[in-house]
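Both complexes shown next keep chain A, but they swap its partner, so chain B is in the first and chain C is in the second.
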Partner chain A sequence: MPLDGAARRAFEAVLDPQDVLSDPVRCRVYECDGLTGHRVVPELVLLPRTAEQVAAAVRVCAEHEVPFVARGAGTGLSGGALPVADGVVIGLNRLNRILEVDPVDRRAVVEPGVTNLDVTRAVAQYGLYYAPDPSSQQVCTIGGNVAENSGGAHCLKYGFTTNHVLAVEVVLPDGSTVTLGSDTGEQQGPDLRGLFLGSEGTLGIVTKVTVRLLRTPETVRTLLADFPSVAAAGEVVSDVVAAGIVPAAVEMMDALAIEAAEEAVHAGYTIGTPAALVVELDGPAEECGSTFEQVRRICEAHGCTRLHIAGSAEERAAIWRGRKAAFAAVGRISPDYFVQDGVVPRTRLAETLDRIAAMSRSAGLRVANVFHAGDGNLHPLVLYDGAAGETARAEELTSAIAELCVEMGGSLSGEHGIGTDKACSMPKMFSRDDLAVMARVRDAWDPQGICNPGKVLPTPRLCGEPGKYRPHPLEEAGVIERL
Partner chain B sequence: MLHPTDLKELRDAVLDSSGTLGIAGAGTAADWAGPLGPVDAVLDTTGLAGIVVHNPGDMTVAVRAGTPLRQLQEELAPHHQRVSLDAARVAEGATVGGLVATGDAGPCGLAFGSMRDLVIGVTLVLADGTVARSGGHVIKNVAGYDLAKLLHGSYGTLAVIAEVVLRLHPVPEREATLAVSCSLTEAAELARAVLAGPHEAVALEWLGTTPDAGTLLVRLNGTAAAMDARLDRLRPVLPGAVDGDDRWAEHAAIVRGGPGDAVLRIGVRPSKLPGVLTALPARAITAGLGTGIATVVLDAQDVAAAHETVAAAGGTSVLRRRPAGASVSAWGPPPSALKVLRAVKQSLDPAGRLGPGRFDPWM
Partner chain C sequence: MFDAHRPPARELLSDCVHCGFCLPTCPTYRLWGEEMDSPRGRILLMDLAEKGEIPLEGAFTEHIDNCLGCMACVTACPSGVQYDRLLEAVRPQIERNVPRPRGEQLFRGAIFALFPYKRRLRLAALPGALYQRLRRAPSVAKLVSTITATLPARLAAVESLLPPVAVREAFARLPRVTPAVGGNRRGRVALLTGCVQDVFFHRVNAATVRVLAAEGFDVVVPRDQQCCGALELHSGREAPALVRAKRTIETFEVLGVDAIVTNVAGCGSSMKEYGHLLADDPEWAERAARFSRSVRDVHEVLADALAEGPRAPRHPVRARVAYHDACHLGHAQKVRAQPRAVLASIPGVELVDLPEAELCCGSAGIYNLLHPEAAAELGERKAANVRSTQPDVVVTANPGCLLQIGKHLRGERPLLHPVQLLDASIRGVPVPQH
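== the complex of A and B ==
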């Protein structure tokens, strides 16, 4: 049902009319997020300037049963911020104030539209930083990070967004405002804060976030090592972990990803090497040095063909520039690409990559791999040419890879979320009852079903009627039982 | 008393019984939070015990909820792995499910958080017999809602926890603690200095019977090779510090309280902790100066006012020991999200079968 005039007038009454966009040309800017294959032009885009305005706008939505979708920077890769037909987009970019920095209690209170990197920038003068560091950190917003429970290269040691958010102020789907969590992160009763984190904008809109800050580590040591095979690099990761070492980050890239990144940013990676590892350790000086030496020996024991240790902050930055540029750089070697985000148990990395290579060959599409090896979070990049009619095939391969990860005992998504993209794959990972309980929880927060509807949980409209039940791979392996 | 020994028996026990149900693990937190009201049956989870699968290479373990954490730690130890949780009642046999349901954590929460930061998957049974899972067996996973978080701190009111999957950490080669005698206010200054330096303390706790005199404990984890040098660098920050490895038992004893004690766990911004604690008529205190989480031992009649004092400082509080027979308020002023909590309860347990009384008077 298209928006009626009464709802439009109500939005214009609670916001400055110039903050209500209805011109289709201007609304088109909001038609998609980072999953650009899915587009819906919203009826209206609301750009509130304060938390009170967000609440007022949501109250109008509730009163008129208008579906709404919160949006930060629109860098999400799973279609979480994809507009809903006949609904409104509520853009949070203008709520971009840093409300408080407290260097003594090591925390900051920020509005949701503040970018991830701006939090660290605002606190760096105190020797502090905000740990979760998605590669998109220059542009993605804290509100988006909260919604996606975003990770980053350093979450192996430091954890994800949920481990760094003490409290969030949330406008519920009925327009009322509540605080989840507290000054210590403790919650009296169930951890509603934790449930909200990673709920992909389906339980409410974040209007204020209290984040924990960490002290910048005293020592950081980074190496870049080349290996004759992905399997050899994978063994290094296993041995490092088995030695009881918790690196700050362990990232892997394969030949295709290295080629793309190197051509784009000239960061000093070796073109032609089958695999490269970036390993970073941080901590107190006494400890970091000797542990780093241990990692170096493990690399050598697995036939490392080149080992480059960052000798300066600039060299370290260059290594990371290469790694972080990989996604975008792939755009140079292929007209289009999909990013995958499945997770497998670390011990099954090599096997999974072999399977992906075989799937890539039989689909006739190239797949570049760049990923968080320490926690098994893959980011296969499926390269295709939409103009050559390869889109459907690429989409199929992408879904097949996500489902392969589930088959390996892993997950559909490590950090990018389910959104629109993977909602229909959810039954591969969760049973009907699992999903029904999640739906009951969602209904408790959003009984009208107006808060980012159609995302995360599969719907018949989106996915067709559910197929016949197939046993979960872990069930077949005897790890879980279905009654 | 229902005593299931596997998931099927658990589900059947829930389905075959009618009326209200209390859920009991080892009983180490039975007198925490609100008192369990009269129930038609008690579901004992201790028969749901043992490891389902331990993947040392992935550093994850799936374990049945009635397994005592102490026992799990013993089984993990040969692999040099552990669950990084040192809550005081672990030593008394607290179960993994119970630790999740009570949102418990100990001193090393400063570095590792509480149970919610360690749980990566959960299997639960609702009051209507529905069996559901969320999360999985990998440490990084954002697929679907994280229902384990919802059960963290739920005190047996939303679902029965049947199984949990935990992320593990390597057992550090060495743990070492320095202890300094000082007042709470002095301790706060020292803690600030420790946190401002590169020491990476994993626990930072002051304990004492009055704010004027007590002991600050600072624990480090790390490699054997580097520990002495790290301690040498820490000592000048903590003048007069001595070896404190054996002082943690005293800390745990305060957290547990004794017969006749009321114990309150509170949380406020770390810098507000000395002020708030000094204002309370505490008989013993542990204060997490990095986390802002503290435990105070009080007389039963002082609990209600203590909740108010903490709430006025913007903090949280929950009763963690009720003297036998005493009527003591378990919770302070309700949080703003109470209606969400009620809606979730209504949706998952509409008949109000599970854990009546635990959130009294909130719901």
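== the complex of A and C ==
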């Protein structure tokens, strides 16, 4: 149902009218996030400047039953911020203030539109930093990180967003404001903060976030090692973990990903090597030094063909720039691509990669692999050319890869979320009962169904009827037929 | 719809994968937090316009006009999107196909009737000089502030940018040929003296000639040189820009020099583009390409000379020096290491980088005249970032940046072109104050 005039006027009454975008050309630039395969133009885009305005706008939505979608920097890769037709987008980019830094208790209170990296920049002077580091950390916002429970390379050692957010102020779908969690991280009753973290914008809009800060490690050592095969690199990862070492990060890239990243940033990756590992250790200097030697020996034992140790902060930054730009850099070697995000048990990494390679060959599409090897979080990138009509085949392959991860005993998503992209694959991982429970929880928060509707849980509109069609025995016998 | 004359190429448009890595480096996105005033949003709009899905008039023109053309997004883009080429294709489409309101036309017309002409600029600078002298009298200052308060914002912007200019400097000329100091010549170069540069910053040109000569170059300064067309090119006035490009090529190609040197970031980036701009013109393509290959920023020449071994002894300059990367030098020409190397060759200099170094100061050619409010916000932000590093001297290699940062630093610190600092070091004279 298109937005009625009363709702429009109500939005203009609670926001500055110039912060309500209705021009169809302007609204079109909000039609997608980082997942460009899905596009829907919203009716209006609201750009509030304060938490109170967010709450007021959501109250208007509730009153007029207008579906709304919250959006940060629009870097999400699962279509979590895809607008809803006839609905509004609430952009939180202007809520970008750092409200409080408490270096003694190591906390900061920030608005949702602050970028991940800006939190670290604001507290670096106290020798502190904010640990979760999605590859898009210079762009993506804390609000989006909360919604997606974002991870990143260093989550292997330090945990995901949920481990670093103590409390969130949330505007619920009825427009009321609550605080979940507390400054100390303790909470009475059920862990609603934990439930909200990673709910992908379906339970409300976060307007204030209290994050935990860590002390900047005394020493950081980073190495880049080339291997003759992905399997050899995979074995290194297993051996490192088996040796009881907890690296800050272990990242793997294959030949295609290396080629793209090196072209983008010239960080010193070896073009043509079948696989490379980035291993980072941090902590007290002595501990770091001895474990670093251990890692080095493990690399050499597995036929490492070149081992490069970052000699300076600049070199380390360059290695990370390459790794973190890898997704987008693939744009240099392919007109289009899908980024997949799945998890497999670390012990089945090599096997999974072999299966992906086989699927890639039979689909006739290239797949580049960049991933957080330490925790088995894969990011296969399916390369295709939309103009050559390869889109459907690429979509099939990317879904098949996600489902392969489930088959391997892993998960549909490690950190990018389910969003629009993988809602239809949810029944592969969860039973009808699981999904029904999730839907009931969601209904309890959002009885009107206006808060980021159509995401995460499969809907008939998005996916067709749930469950695989099974013909009736009479139909099989040819007695009746399906119309 | 775009017309058929060099619309943005489909391949270039589809290079963008919508990752958003450009957002934090885009000045307008930082100011306003709106997707349509981000590089990614503008590319999406260009894409829609190219497909004919949206009209050029209205929102499209507004958001392309809002772009400073600083090219920070080109630096930030991991996918290698050539936003510079896209903008260069789209702006002339707007100039040709979207009628501007009368006032806007007049204002733009006035800018382009003034800035590319050294003689007119000198004349404009003359009353400027008189006026600055008068302005020191308190009664006049008060009158002026009352008048400018009532002027439209854009005219007030022109007024507040006018730098102090000495009449003698505005009319000074460089020698036609300055021979290399000492017998052993490294090479022979020609200097583009620029328009605003030569009138308001003649001292920078003079310092450039001295430094180049001291480092072993014969420096030729052709008297018949005119504007290189950078301001017009970056504003989408393609036809007059091309006329100027051809004239500049004609003037310089006959000199038989090893390099055409400029100390203006904006001029350098446009002259390096001539080859691309004239690629479809059979008569000019090759000449333009040859010309562009020989264009060097003065820091590129000096850094190469340093690598060979410096000739001119330097005297120490004990100062904390903040270097601001001019967008058209850093982002557009990717010349970042060379100015730093040149400054680091001065003993005693402690070089500091600015926070948010990638962010434009708001000058952006004539942007601070067309969009004074946005430019002023960016200028204040840049000035605050400069102050935070507590430098003794601030250096940057573009007259637009010098004017803009100068306006917002309000004379707190000496603000120079890097060659002025090097010149002072080589000559062993005190660091100039401006």
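Following the convention adopted for this analysis, the second predicted complex is superposed on the first by the 467 of 483 C-alpha atoms of A that agree within 3 Å, B and C clash if a C-alpha of one lies under 4 Å from a C-alpha of the other, contacts with A are read in each partner's own complex, and residues count from 1 in each chain.
In this text, a contact is a pair of C-beta atoms (placed from the backbone, for glycine too) under 8 Å apart; a residue touches a chain by one contact, two chains touch by 3 or more.
Only a predicted model underlies this, so the values are computations on that prediction, with no experimental measurement involved.
Chain B and chain C, once both complexes are superposed via chain A, fit side by side.
Shared-chain residue A:G34: touches chain C; no touch with chain B. Taking the Cα centre of chain A as vertex, the centres of chain B and chain C in the superposed model span 130°, given to the nearest 10. Within the superposed three-chain model, A:E396 lies out of touch with both chain B and chain C [touch as defined at top].
Which of chain B and chain C touches more residues of chain A is settled by the count: it is B.
Using the contact criterion defined above for the overlaid structures, shared-chain residue A:N93 touches chain C, although it does not reach chain B. By the document's definition of touching, of the two partners only chain B reaches A:N149; chain C does not. With both structures placed on the common chain, the touch criterion links A:S413 to chain B but leaves chain C unconnected. When the two complexes are overlaid on their common chain A, residue A:G194 makes contact with chain B while staying clear of chain C. In the overlay built on the shared chain, the residue A:V139 is in contact with chain C alone; chain B does not reach it.
The least CA distance from chain B to chain C in the superposed model is 21 Å. Common to the chain B-facing and chain C-facing surfaces of chain A is no residue whatsoever. Against chain A, in their complex, chain B makes its touches with residues 7-8, 11, 52-53, 55-60, 62, 80, 103, 113, 116-117, 123-124, 126, 130-134, 136-147, 149-155, 158, 169-173, 192, 195-196, 198-200, 222-223, 225-226, 229-230, 233, 267-271, 291-293, 314-318, 331-332, 335-337, 339-341, 343-344, 346-348, 359, 362.
Within the complex, the chain A residues that touch chain B are 102, 104-107, 127, 148-149, 151, 155, 159-160, 162-163, 172, 176-180, 182-195, 197-199, 215, 217-219, 238, 241-242, 244-246, 283-287, 290-291, 343-347, 372, 375-377, 409-418, 422, 426, 429-431, 433-438, 440-445, 447, 456-457, 474, 479-483. Residues of chain A that touch chain C in their complex: 21, 23, 25-26, 28-34, 36, 47, 73-75, 91, 93-94, 96, 113, 115, 136, 138-140, 263-265, 325-332, 335-337, 387.
Touching chain A in their complex are the following residues of chain C: 14-21, 23-24, 33-36, 41, 44-45, 48, 54-55, 58-60, 77-81.
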